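These are the structures, in structure tokens.
Next come two complexes built around chain A: one with chain B, the other with chain C.
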Partner chain A sequence: MSRRPYVREVPPTAWYFRHPRYLRYMAREVTSIFVGAYCVLLTVGVLRLAQGQASYEAFLQALQSPASIVFQLLAFAAASYHAVTWFTATQKAMPLQLGDEFVPGGWIAGAHFVGWGLLSAAILYFAGVF
Partner chain B sequence: MKERTVQLEVLRYNPDTDSEPHFQRYEVVCQDEWVVLDALNEVKETLDPTLNYRWSCHMAVCGSCGMMINGEPKLACHTFLRDYPGVIRVEPLAHFPIERDLVTTPDDFMEKLKRVKPYLIPKKPKPLEAGEYRQTPAQLTKFRQYSMCINCMLCYAACPEYGLSPHFIGPAAITLAHRYNQDSRDGGRDERQEVIATQEGVWECTFVGACSEVCPGHVDPASALQQVKILSCFDWIGEHLLPGGKK
Partner chain C sequence: MAKSHKPVVWFPFAAGGTVVAFFIPVIALLTLLAAVGHVPAGLQYDQLLAVAHHPLGKLAIFSVLALSLWGSAHRLRCTCFDFGLRIDGLVAAVLYVAAIACSLLAGYALLGL
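Right after this comes the complex of A and B.
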């Protein structure tokens, strides 16, 4: 009898097809690309604004192109998924203990969702949407 | 009592004769209330005495019988056959070397467990005659959940980070470090932070969350690791950005 442990290699990519939880994780990570790209878009907007009115209006015009609208819809969906997954995770990262008991996790995640909703409403208000 | 014939597909590996593992199928007559471990015991007793696997308590306490059941890390004593209508594929825990059949080599985990010093390190030595350490229910609540770990290593088998980067200290060991760091009787946090607040420690974790989903003790290692990250950030801010920091 001899020891000869057999090591199974983990495939560098295919592992996330093994279970839906890994695909959900990868989906959450991929949404970061859209969130990052939208940040770049906002930065370009600020630069155009600094360059003057004509430049900024051309930027606004470009935002209304079909390709831009498709990108913005995708970015919105991705950012929403990203936000939901992270706000749901806050109950794990930031548990709150009051006395002998922990506050239910749903309250912590819920408080983040309420904050998200209030801030979004405030931004839309100042943007003149309502 | 209801009986049915269950097909088990078990990964076999004999280091003396096999160059690589292979599957072997067994047909076992099982009772409806049996768990996978009962079926393996039936195989060993009646069909194939050469089959190797670890088990001890048969009640999800000892953490010995962790294995992959249809690709999912499970305790074989805690997994009912009736929940699996088709062929049940049984493999050794993923991400650990296979010693023989379903027996894996836990040396890497044991070494990491040792490194995080999972025991009380008193703030200052206290003689026995000074009496016991007292703790309020609130102080116990703070870490109790994390003390439920049975070292079954299912979280390591579920963690893709550990599979891809084996130097990662991993969910259970970091959770146990956090458990002692949160204990009001303990003064060893600085020593443990040297090990866990590092690249191969908590910063290797990307919060997949699989560890918590498979944990049979509902320990929720993912929460412990995220809390260690936040507390480590506070340490860094205190040391580097606030006046009077250590560095």
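Right after this comes the complex of A and C.
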């Protein structure tokens, strides 16, 4: 063991200001706060649905408050940012090899984006939006 | 081979991240439409109840919700650590228990419909 081990100083609460790359990483991390809170909101929605029509209508009514709309906009933005970074990262997390060659990363990301668009359109269609 | 509990945490996390990416933006869009007064037909009480009555509907709602909750809980745990909250055991316990509790509540409610 070395007699003078090198200890790199890392500020535990502000390390991510050191490099833009770290800041982008943290921006992605922060989306989990809004997505997590939004999932709890969805859980409440399912519980209200199970309690009957009056409860559920009250839940839909409560969604219309300005604070709720702002929160849902943030959750939508956070979930979309998560989706974009998640699909872009898939090519690194799960590289796909066909024969001797690796499938180009852009194709993997592109396939995810196309699938995301089709799935979202299908859900909007079946929910009666258009 | 060394045994680890990590796959048990990791598999639903990876599945949850994917489910959040594919489903939560469009679901948020639907609830936003409801929030501005244009409740989509699919979010009307009768229609949503019909979906929740069908076994496959129950399974779909529960899967999306439970996996999203778990994925978010795991990511929140990492976020807490990265912001300097170095009591990982406690944070992990609180978040995972919250995710499991919400999933069980939703699952119980869905089964009762």
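Here is the rule we use: the second predicted complex is superposed on the first by the 123 of 130 C-alpha atoms of A that agree within 3 Å, B and C clash if a C-alpha of one lies under 4 Å from a C-alpha of the other, contacts with A are read in each partner's own complex, and residues count from 1 in each chain.
Convention: a contact is a pair of C-beta atoms (placed from the backbone, for glycine too) under 8 Å apart; a residue touches a chain by one contact, two chains touch by 3 or more.
Quantities reported herein were computed from a predicted structural model and do not represent experimental measurements.
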Partner with the higher number of touched chain A residues, chain C or chain B: C
Touching partner for A:21 - first (chain B), second (chain C), both, neither: first
Chain B versus chain C as contact partner of A:3, first or second or both or neither: first
Partner chain(s) touched by A:95 [first = chain B, second = chain C, both, neither]: first
Which of chain B and chain C A:12 touches, first, second, both or neither: both
Set of chain A residues, in rising order, touched by both chain B and chain C: 12, 16, 29
Residue ranges of chain B touching chain A (in the complex, touch as defined): 13, 15-16, 20-21, 71-72, 94-95, 97-99, 105, 136-138, 141-142, 160, 163-164, 206-210, 212-213, 220, 222-223, 226-227, 229-230
Contacting residues of chain C [partner chain A, same complex]: 17-18, 20-37, 39-43, 45, 47-49, 52, 61, 65, 68-69, 72-73, 75-76, 78-79, 82-84, 86, 102, 105-106, 109-110, 112-113
Complex contacts: residues of chain A adjacent to chain C: 12-14, 16, 26, 29-30, 32-33, 35-36, 38-43, 45-47, 49-50, 53, 56-57, 60, 63-64, 68-69, 72-73, 75-76, 79-80, 82-83, 86-87, 115-116, 119-120, 123-124, 126-129
Contact footprint of chain B on chain A as seen in their complex: 1-8, 10, 12, 15-16, 18-19, 21-22, 25, 29, 89, 92-95, 97, 99-102
